[in-house]
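Below are two complexes that have chain A in common, paired first with chain B and then with chain C.
Showing the complex of A and B:
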């Protein structure tokens, strides 16, 4: 088949548009903003945009692992400040960045493990279990920290935010590496296939001898670890950990995954789509700020984009 | 009866669920290279018998001999390890995975070791093409997602998968119930091909025309018991219907 006719056939296939809704949306939004504001398409702005998207991107990857099994992790909303508090407490007690990073990741994984065990072993619905943990971890973060914020002053963290390899900044390099690793896991490992099978057809996976309970525990564990990484990035960016931090990242992390074409019923992982989804949501906010559009319109625009993506995803193959 | 090379011998199998006796003495024999049909009305105990043979339910009494050895499976995986594959009505396929991913689900060929194992995708794709190509007349593209296949193609993939793993016995529960005429024909051809490979097949079917077409022997169940069996060439449809409804009996 000639390349031109191949491309024409692709463009005529509704499934192509459904499968790539987030990537297409990102290109369209970038085109619009680059026409409306000349500074949008500069490397400095793109780099800032990627930094702004990094924490959301890591959280969206955490959510992606869980959503592939047909689950959802609402506890992210409080396990993120929880892991940040543990990071702050550990750093202020031992003045060791490696130890603080490990503590943040392990504390995130602990939340994931409890989520997984409640869901897989006690057969509690994902939504209810993680909603419960959202409250539990919120309270625990406040108790452990005594309701206090911690300032974290570390050259390592400053370098993480501001440093770069050539034009590429460490901060979003971490997020992109996690996205790349997630892609490799789903595409090239038996574990990834088993997770997809668990979400795609739970009974079939079990009939083929896959321990679906184990898969569900592991995805929450991995998700929790990634929340720990996101907490480190957040502390690095804000310069401290705040136990009462109200984050909108929970809903946007879910929206990124949905925008990327993954089904909330499980069975599909679209890593590139999820990355594009997180970038679409961040680009909208950055673009509106550059255009000085009132912040009141921003959540509206995000909501409309998510609904539009969901409608487009009905065309998926 | 050609019972000279029985792969599966079930004798006087019993199964109770509390006070309910679902099986009250079910027996059958599946020889190698033959298609054995199991027929009976709804509630006759066919599905319970299959579940006991494949380890979904432990039997309450009686015996199951597989390749001459008495066996008692506690889980379907134990039966699968010995070479008993079951194609359930829901086919146990994952729609969002490709044909080759379904073919190798939980049997993946990998490189590396421990947690650092990665898939040999090329190897699995090539082997899926080879394995299914041998059995299926019109093989779907192995890189296609199962979601995009027709009902007949899915059924063929599911049966082909069961037959490809060195199975000695493939059990099929209503393999063509949801299929159109042409697709039914393709699945029946596949069943014929498996017979040629020397695989024993046990087929549950309500379609007596099909039973007459594809099977070598017929067993009839009623009220939790096998109450009749014949070589298919020595019986007609009326006799089978009478046995299902409560007439003729032949040991």
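Showing the complex of A and C:
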């Protein structure tokens, strides 16, 4: 088959558009913004765009693990500030970055473990269990921080945001590394396959001898750990720990995964799609900012793009 | 294969919608006239307070012939979204930044590249942590904002006057950790200390429905309170509603801070006892004037206090008539 006809066949296949809705959307949006504003396609802008997308990207990965099993993690809206507060308090008392990073990840995993146990062992619906934990962790974050936001001042954190290896900034390197690892887990490890099976067909997976309870606890645990990583990035980016709930991050993390083509009913992981989904949402924000689109239309436009991508992904094979 | 046109239509719709939005909504002219090009970033546009700051900045820009762009995060606590806006705008050709932080540190890191370019930064409304600013090597040209401690003290003084210097009161707080709210509360407490008794302090996240629920419950536990101090107008209006519902209007005084239109109307009608009006509109105006002055090579003061005024039933009419501008003259270093 000649390459040209291979390409035409691909383009004629509705499944191709459906499977790659987010990536195609990202390319289209980038092309449009590049035409409309000269600033968009500069390396400085792309690089800042990737930095801006990094926290969302890590949160979307956390959400991806959970959504593959048919679950959803609403608690990240407050486990993110919770881990950020633990990170800040640990660093401000011990002045050790490695210790503070470990504390952030462990405190995130602790939330994940509780989520997993409530869902798998107490048989509580994911939505309700994590909605409950959203409240619990919001309260805990306020309690341990005394309801105050505080500065976390470290050259390491500043360098994490602004520093780079050549033109590549450390900040998004962390996020891309996590996305890469997640891809490997789902594609090449038995654990990844078992998680997919748990979400795809729960009973069949159990009959095959997969401990579905264990899988569900593990995905929340991994998700929690990733929220801890996102918290470190957030403290670095915002220069401090703030116990306020981050509902906008919660909703966009779910939107990124769905935009990427993963089903909310589980059984399907699309790491590339999720990365593209997170980038689409950030690109819209950045592009509209550059174009000075009226702020009243921005959320509306983002909403329409999310729906359009969802419609496109209905053509999935 | 039959579905091909179908899929292309979906694709076309997506592309068309995006293009339509992006192009149709671009401002009519982003012409780079004059020497200043001002970027203003506030927390969000859901709160009328920040909308007023935006309107002041935009109106002043039109008056001075200076292009002004105002952007915001999606919620009052969306520090990540606000930072994304700042990082994006840092790559554009703005000559001056006016920024309202969400907390004492969140905008510092994204502003470092702006500061390194030598672009002046004006800290608006909410003060940044001086230590963190210094260690980040950030250069803040000026702070323009109202003194929230003074607003809290004014509210405290008036509460003392209304209650005759004695009685039980309740304090309604906004989002825990929000600096302006902390300053308002601390100053109020200090002013009434030893005279009024604070029987309960409740958090209502700056939201009206939450304050309504909270105050309804408080009235059951403490039916003998005679005053409520609310850290913002939205909660004050919720409290006033709860009091009206309980048939106690006039018996329990409510004083809040901000001076949004609805609160001014409520003060005029007597539902709300008073509001301490701050003028975010004037802050926005002064921010653009400051940027204009800087572009002309002038120096500006390191700290500019925007006006505050106690609004009671006596002057509410005047306040409404001149809203969003102050009805009185105030010390404006940039001229009227």
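Convention: the second predicted complex is superposed on the first by the 314 of 317 C-alpha atoms of A that agree within 3 Å, B and C clash if a C-alpha of one lies under 4 Å from a C-alpha of the other, contacts with A are read in each partner's own complex, and residues count from 1 in each chain.
Everything that follows uses one rule, which is that a contact is a pair of C-beta atoms (placed from the backbone, for glycine too) under 8 Å apart; a residue touches a chain by one contact, two chains touch by 3 or more.
Quick caveat: nothing in here was measured; it's all calculated off a predicted structure.
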Contacts of A:257 with chain B and chain C, given as first, second, both or neither: neither
First (chain B), second (chain C), both or neither touched by A:188: first
Touched partner set for A:271, first chain B, second chain C, both or neither: neither
Chain A residues touched by each partner, larger count belonging to chain B or chain C: C
First, second, both or neither for A:203, with chain B first and chain C second: first
Partner chain(s) touched by A:231 [first = chain B, second = chain C, both, neither]: neither
Touching partner for A:120 - first (chain B), second (chain C), both, neither: neither
Touching partner for A:25 - first (chain B), second (chain C), both, neither: second
Common ground on chain A, meaning residues reached by chain C in one complex and by chain B in the other: none
Sites on chain C touched by chain A in the complex: 1, 3-4, 6-7, 10-11, 13-15, 17-19, 21-23, 25-27, 30, 45, 69-75, 77-81, 83-85, 87-92, 102-110, 112-113, 129, 131-132, 135-136, 175-179, 182
List of chain B residues in touch with chain A within their complex: 76-77, 80, 88, 90-97, 101, 105-106, 108, 110, 115, 117-119, 121, 145, 147-148
Contacting residues of chain A [partner chain C, same complex]: 12-14, 17-18, 24-25, 28-29, 32-33, 36, 39, 42, 44-45, 48-49, 51-52, 55-56, 142, 145, 147-153, 158, 161-162, 234, 236-240, 242-249, 282, 285-297, 299, 301, 304-305, 308-309, 311-312, 315
Residues of chain A defined as touching chain B within the complex: 184, 188-191, 193-194, 196-197, 200-201, 203-205, 207-210, 267-268, 317
